[in-house]
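As written, the chains take the letters A, B, C and D, and residue 1 is the first residue of each chain.
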Amino acid sequence: MTLKNNIASLILGIAVISILISIYLALVYTPSHETMGDVQRIFYFHVASAWISYLAFGVTFVAGLLYLKSKDLKWDTVAYGSAEVGIIFCTLAIITGSLWGKAAWGVFWRWEDIKLFITLVLWLVFIAYLALRANAKSRISKANLSAVFGIIGFICVPLSFAANRIWQQYHPTVIATSRGSLQASMAFALVVAVFAFTFLYAYLLLTRVGIEKMRETIEEIKQLIGGQNV
Amino acid sequence: MSDLIYLYGAYTIVWAGVFFYILKLHIAQRKLENEIKMLREILNGKKSKKNL
Amino acid sequence: MNAVKTIFLKELMVEFRSKQMINSYFILSLMIITSFRFAFSVIDFSLTQLASPILWITFFFGGMFSLSPIYKREIEQGTREGLLLAPISPSSIYLGKFLANLLVISCLELFTLLIFFVFFPVDTPDLLALLTLVAIGTIGIVALGNIISAISSNLAQSEVMLPVLLVPVLLFTVIMSSVSATSNVFAGAHLLDVMQEIKFILAFDVVFLAVGYLLIDYILED
Amino acid sequence: MSEKILVAKDITKSFGRFQVLNGINLTIKRGDRYILFGSNGAGKTTLVKILSTILPADSGELTLFGKKIERRSKDIKAMIGFMSHEPYLYNELSARENLNFYASLYSVKDKKERVESLLKEVGLYHRSHDKIGSFSRGMKQRLSLARAILHAPDIIFLDEPYAGLDIRAQEILNDLIIRLNQKGKTFFFITHDIGKGFEIAKRSGVLSKGRIVYEVEGGEKKAFSEKYREIIREETG
């Protein structure tokens, strides 16, 4: 228990330090963008949030497969925790993305933008995933059904990403805003932000899974107490 | 320069979101830890009663 | 193979006697088409542009709601255990049901298509292309609809959960690709012009069928 | 009488954190009529579903006909019959169509003759063309028994078969069971009702808190029901 707490604190420490560094890099170290000015600084944490949400949903997918293979509920707990953390970051990515879009294009949302679109699809899929879990009738059926749905939802995404390119041909193409090539300092700031958020994600996932485990322990103890009443 | 409001908005939302989520997790964790402690005590109390 | 055929025939027999799917499909598709027709009678609109989304929305909702009873009625009648007891693989339950529903829904869609052309008389130079798209799109709707119907039948509030689970996965894959291809067909494209979309829809069909075939076992288990 | 056709070793099952079965050990020999009694919620239905391979156990070993059970073993399923208080029949189909459907699923040979003779045996031949939605509970249960023995299984499980049956229907059911048992079929019942099953049991057991706590061969009904009541009293505290 203490070892686990130590690991969690270590990860949190790394996350906090690297987040502070990445904020410094994003706000101070990097130059202003040639065309967009300072608003472009949204970009670092927007991309990092989006990346974390993809990672989190990917973890849900893999944990779902592992659960179906091993029937070990531990994997189901990981899948659930990761989906919840993923939804948080996905929401952040969508909000920051649309703020960035408002600054860059003058509109909050562009349906033609494939990355916005896919992020929204993922968001909807995993909202549905959480709704499924809330409506399951037993622990086992919750684990089985949500694993299957998580797998379906996740494998649809790359396909729908690819298919979307074809629908685009028939949309009036809005002139793509070029972000310009990333300068080396900007790329560095982005990498640090992604690194920082990856540790943040690891910490959140550990904590979330830990909470779920505690809930299960409580159920166990309650049963023990109930059993001794007789 | 009015565009900067979007920058402030985005940063506020990201960090407030992360902060409140961590806060929520910690409150939940504390509560559960206390509950486990309480339940363990009840359980141990029962065991010792039985042994007497 | 024998088991698939047995389930297929049973499913058709039960459906034609109870008419659960058939009735809800007819009522729903008629409602959707007429309400769109009335809505667009007030405004000027381009028939060629809007026809394709309206057609697919009708197929989507009709398919979605008529697929809801296919696993639920096994649970309500208590026949699911009877199927699980039998010496057959769960995959053949999925395939048998898939084929039976595909047949029923395809027939219903052809009928819907007739009503649709009465209300929205669009030019369709290449009818074969339209029918091909409808056929492969329907395979996708029914293949995925069967899996999601099996999942939602095990949930509380299954009527609400079916669209909640189906929309994000089906709408952005099969339906959007079909809408895009069909609107080209209405605009004068031929079968060969929409080959790319057809390939994508077929890819979705294969993925959904494979997932259903491989994972139905975990869904049916309690 | 000597061949062990079902051996269960330390079967456990829990639903989430709720432990339903706590290590079941059970042996059933060919020709047995074994009845397991237990109060509601003792885990009877779960146990019979595991033994009949509908549900997988969490741990433990289940051997049927000398073969260890793995996930969805088809050849074993063909040797198992199962009759529950749910008939597992389709209301939209007629009695004959229902049996034909299950006969095809089990790939029964000489399907037609088999279905005809079973309809006669359970006394439903004259109603075989009617949809079973109009049948009484007793008629459905008889048809359900016909469904369970359609593929000539070696062991037949019954889950509360008497639920909702009147005395006449119970007698018909008991007669059928004894007749089939004399032909060499093995039966495993579960029920909570001592009044209805004990007479036709060769062996009886009591399931309590996920364990088989008492087993007896033959025996007096009075003595057994006293023991049963005692166990239930202990259970509820």
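Everything below uses one rule, namely that a contact is a pair of C-beta atoms (placed from the backbone, for glycine too) under 8 Å apart; a residue touches a chain by one contact, two chains touch by 3 or more.
Just so it is clear, the model here is predicted, and its values are computed rather than measured.
Between the interfaces A-D and A-C, more contacting C-beta pairs are found at A-C.
Nearest to the overall CA centre, using the mean of each chain's CA atoms, is chain C. Distance between chain centres (mean CA atoms), subunit A to subunit D: 49 Å. Once the centre of each chain is set as its mean CA position, subunit A and subunit C turn out to be 31 Å apart. Between the Cα centres of subunit A and subunit B there is a gap of 20 Å. The mean-CA centres of subunit C and subunit D are about 39 angstrom from one another, to the nearest whole unit.
Multi-chain contact residues of subunit C (touching two or more other chains): 221-222. Of all possible chain pairs, those that touch are A-B, A-C, A-D, C-D.
Across the interface of their complex, subunit D is touched by residues 2-3, 5-7, 10, 13-14, 17-18, 77-79, 81-90, 217, 221-222 of subunit C.
The touching residues of subunit C, when paired with subunit A in their complex, are 144, 147-148, 151, 154-157, 161, 164-165, 167-169, 172-173, 176-177, 180, 183-184, 196-197, 200, 203-204, 207-208, 211, 215, 218-219, 221-222. Those residues of subunit A that touch subunit B in the shared complex are 37-39, 41-42, 45-46, 49, 88, 91-92, 95-96, 99-100, 102-103, 200, 204, 207-208, 210-211, 214-215, 217-218, 221-222, 224-225, 228.
By the touch rule above, subunit D contacts subunit A in their complex via residues 15-19, 235, 237. By the touch rule above, subunit A contacts subunit D in their complex via residues 138-140, 216, 219-220, 223, 229-230.
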